[in-house]
Amino acid sequence: MEEFFQQLTNGLAVGGIYALIALGYTMVYGVLKLINFAHGDLFSTGAYLGLTILISFGLTDRLGPVAGVLLLALMVMGLLAIVGTMLERIAYRPLRESPRLSAVVSALGASIFLQNTLMFVYGARFQVYPHDILPDTALDLFGIDIPIVRMLILLASLVLMAALYLFIQKTRTGTAIRAVAIDQRAARLMGIDVNRVILIVFLVGPALGGVAGLMVGLLYGQINFTMGWIYGLKAFTAAILGGIGNIPGAMVGGVLLGVIEALGAAYISIAWKDAIAFFVLILILIVRPTGLLGERVAEKI
Amino acid sequence: MNRRRITFAVVFVVLAVIPFFLNAYWVDVLNSVGLYAILGLSLNLIVGHAGLFNLGHAAFFAVGAYTAAILNTSFGIPILWLLPLSGLAAGLFAVLIARPVIHLRGDYLCIVTIGLGEIVRIALINDVFGITGGANGIFGIARPVLFGFTIRSPQAFYYLIWSFAALTVFLFHRLEHSRFGRALNYLREDETAAEGSGIDTGSYKLVIFGIGAFWAGMAGDIYAAKMTIIAPESFSFWESVLIFTLVILGGAGSIPGVILGAFLIVGLPEIFRDFANARMLVFGAAMMAMMIFRPEGILPAKPRAYRLADVRNLVAKEGTK
Amino acid sequence: MSILAVMDVTKTFGGLVAVNGVSFNLEEGTITGLIGPNGAGKTTVFNLITGNYRPGNGDILFNGKSVVGLPTHRIAGLGIARTFQTIRLFQNLSILENVLAGCHGRMRSGPVGAMLRTRAVMQEERDGLARALAELDFVGLHQHVEQPARNLSHGNQRLLEVARALAVGPRLLILDEPAGGMNEDETARLMGLISEIRKKGIAILLIEHDMRVVMKICEMIVVLDNGKKIAEGSPEEIKKNPMVIEAYLGTEEDQTDAPSY
C-alpha cells in the first residue's frame, strides 16, 4: 500500500510535468496543425537555462527558497517565450503556405539544432542541480512519507494548468486561440488576428515547457541534453491521449500518462518503462484516435 | 535524355573503378554511403512515392539485421542465403504492424512510426524472447561467401554493396515507371481522387510499407555481415532521422536525388571531421534552410516521359472503343 | 432498366440531418439532374452513392446490388465514376497521367510485374495509354498531354476530370457541377460532350446550378431542399412546380437563389 501511494504521487508529479509540456504541443498543433518536434528541446533549454540562472545569480541564496524559485521560474518562462517566438519566426513562419512535409522536416532540423546547441554550450555529460534548494523533507500523509519536493512540483503544475485553463476559457485572447484551432480561415474572417494568436501560442507553450524543464531539474537533480527527446515524445503521447488540440485533454492526458507509467514501471517491469508511453500511444491511435476528451481539430471531408 | 545517360555512364564507371584509387578507410566510407543509399531508396518508396511520413525505418533495418544475425550465429546458415529471409522478416513485420494504423492521417502515422521504432529498439535492448542479446547485441556474425570467395576486405564489401545498390536502382526505376508506381503517385497527390478512380489506397499503402521494409531488411543482412557485431544503438531514432533526411534533402521521389543524399549525409561529416561538434548544428540548420529555400530537394524527381508515337497510331486506327 | 436505386437514404453529421429519407431511381442510359438550393444535400447524396460517406439508414442499389458499406474504390470498379465539385485533379502530374488513373482499375500488373516487365505487362501499358489518349481525344484535350494538369485552364481542367472518369469505364457517370466556372462556349461544349457520353449508353447523374444546362439536357430532374426530395419529374413539370419555385425563390425577403431560366 505504501509502495502504491509512493508510485501514485510520483506518477502524478511526473504527470504534471508531462502535462505542462503536452500543453505546448497541443496548442501549437491546434493552431498550426504542426507537430513541433523542437518543443521537447525547448523543455531541455528551460532546464539548462534554469540551472545557469540559478547558479550565476545565486537567487535562492539571496531570496530564500520560495521567492528564489518563483523568480527563477518567471525568468525561465520569459526567456523560453523569447526562444519560442524566435523558433516560430525562423523555422515555421516561412513555411506556412508550404506542404506539411516541409514543416515537419524543418521542425526536425530545429530540434537537432537546438539539441546540439545545448550540447555545444553545456557539454554532453549530465549537469547537476544543487540539492539544497528545496527542503529535502517528507510530508506525512496517511502515515506515508512523501517527499515535499514532489508535492510542491505537483502543486505548481496544477496551479499553472489552472491558470492556463482560465486564460483559455475566460479571456478574449483565449477564445481567439480556441477559434483559430477550430478553423483558422473562419477565425480570420471573424476579424481575429491569427498572427497574434500564433505568437501568443509560441509564447505560452514554450514558457510552460521551459518551466517543466526547471521542475525536472529540481525534482530529479540532474539534466542531460537528450532528455528533451524522450520527454517530448511522451508529452506528445499525452497530448494525443487527451485529444490533440484539446487543452484540458493535454492536462488529463499528461497526468494520466505519468500515473500509468509510474505504476507500470513498478508493477510490470522497469526495463520497459519508456516503452509504456509508446504502447499507450499506439493503442490510443488504434482504438480512439480522437483521444479521451476528443480532438479539437477541424477535419475537412 | 542523352545528357542524363552520359552522366549516368560516367558515374557508373567512376563507381566501378574507384576502390583501386582509394585507401581502405575511404572505401569503407563509400560502403557506408552505399548502405545508406539502399536504405534511402527503400524509404523513398514510402516517403517519396507514396507520401507517407515514416520516421521509424531503422526498425525494419534492425529486424533484417537481427534476423540474419540470429539465424547465422545460432544455426550457421550462410549470410547470403539469409538475404531473402531477412527481407521477408522485415517485410512481414512491417505489414503486420502497419495494418492497424495505416489508415491514420499523415501526422499521426508519423508519430506512430516513431513510437514503433522506439518500441523495437527497447525490445532489442531488453533481450525480448531471449534472443537479441540485450544491449550488447549479437557478435560473431559470419562473413558472406560467394562462390567460395569470402568477402572480408572493404574493397570486396564495396562491390557487394554497390552491386546490390545498382540492382536496387534498376528494379526501383522499373517500379517507379509502371502502373504500380503511378498508383503510388496518385495516392500521394490526392487520396480521395485516387479512391474515386478505383485505386485501393489502403492496400497500396500496406504493400509499399512491405516492399520498403523488405529492402531495408536485406540491407540489414549485409550490414550484419559487414560489421560482424550488431547492437541496438545502431538502430535508433537518430538513424531513422538520418535516412529520412537524406531522402528529403537529396530529393524525395527521385532515385538520383536519394543517392546524392546518401553521399552528402555520409560524406560531408567525413570531410568536415575536424568540426565534429559543429557538424550537427550545421545539419539541423541545413534541414531548416532546405525546406525554406529548396523543399523539392537538390535533385528533384523529374516527371515521367511516355513513348506516345506508336500508341497514337493505334488510337487513330481504332478510335474510342 | 433501373441502374441506380437510392432508397430512403438518410445521413446525419452530428446534429445536422444532411440527407433525410431521399429516394429516387435512375434509368439506364438517361441523363438525370439533381438540383436544389445551396445546402440541400446534393453533394452529400453523391458522396453516399460513391461510398465516401455511409448512410445511417436506407440502401443504394447499383444494377440491383447493394453498394452500401463498400469502399469507394470497389464502387468505382463496379462501374460508378465521378467528378468533384472542387476540381480534384492530380495537379502536379501530367494530363495524360491523370487520365491513366482512371485506366488503373482495368489493368492488373503489380510490383512484381513492374520489375519483370514481361511482354504481357508492356502490352497492358500500351493498351492503357491508347485508352487514355482516346478519352482525351473524346473530350477534346489531345494537345500537350504531357504538361502538368495545373497548366490547364479552369474549363479544361473540368473536361480532364470527365476524361479521367470516363477512363474508368463506367455505366454511371456522376458529375458534380461540371459547368462550374465555365463560360458560354465552354458550357455549350460540355453539353455536347454530355450528349455524346449518353450516346455511348452511359447513364449520367449531374448536379448543376446553371439551369439552362439542366433544363436543356436532363430527361429527368430530382429536386432536393433541406435534405428532402421535394419534386421529381421532367424539366417541364419541374419548371412549373410551385414547391420548387418556393424553394428557390423563398419568401419575398430572400430572393437570392432564383434560378436563371
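By written order: A, B and C. Residues from 1 in each chain.
Note that a contact is a pair of C-beta atoms (placed from the backbone, for glycine too) under 8 Å apart; a residue touches a chain by one contact, two chains touch by 3 or more.
Because the structure is predicted, anything quoted here is derived from the model rather than measured.
Enquirer: Suppose every chain is reduced to the average of its Cα atoms; which one is closest to the average of all protein Cα atoms?
Expert: Chain B is the most central one.
Enquirer: Compute the centre of every chain as the mean of its C-alpha atoms, then state which one is farthest from the centre of chain B.
Expert: C
Enquirer: In whole angstrom, what separates the CA-based centres of chain A and chain B?
Expert: Averaging C-alpha atoms per chain gives centres 34 Å apart.
Enquirer: Roughly how far is chain A from chain C, going centre to centre by Cα mean, in whole Å?
Expert: Each chain's C-alpha centroid was found; their separation is 48 Å.
Enquirer: Report the inter-chain centroid distance for chain B and chain C in whole angstrom, where each centroid is the mean of the CA atoms.
Expert: Here the centre of chain C sits 40 Å away from the centre of chain B.
Enquirer: What are the residues of chain B that contact at least two other chains?
Expert: Answer for chain B, listing residues that touch two or more other chains: there are none.
Enquirer: So which bits of chain A are touching at least two other chains?
Expert: In chain A, no residue touches two or more other chains.
Enquirer: What parts of chain C, by residue number, touch at least two of the other chains?
Expert: Each of 52 in chain C touches at least two other chains.
Enquirer: Considering only the defined contacts, which chain B positions touch chain C in the complex?
Expert: 171, 174-175, 177-183, 185-186, 189-190, 192-202, 207, 211, 303-306, 308, 310-312, 314-315, 318-321
Enquirer: Which residues, counting only chain B, touch chain A once they are in their complex?
Expert: For this pair, the touching residues of chain B are 51, 53, 100-101, 104, 106-108, 110-112, 114-116, 118-119, 122-123, 125-126, 237, 241, 244-245, 248, 252, 277-278, 280-281, 283-292, 295.
Enquirer: Under the stated contact criterion, what part of chain A meets chain B in this complex?
Expert: 29, 33, 35, 90-91, 94-95, 98-106, 108-117, 119-120, 229, 233, 236-237, 240, 271-272, 274-275, 277-279, 281-282, 285-286, 289
Enquirer: For the complex, give me every residue of chain C touching chain B.
Expert: Result: residues 50, 52, 71-74, 76-77, 81-82, 84, 88-94, 96-97, 100-102, 104-105, 107, 109-111, 113-115, 117, 121, 124-126, 128-131, 133-135, 137-138, 145-146, 148, 164-165, 167-168 of chain C touch chain B.
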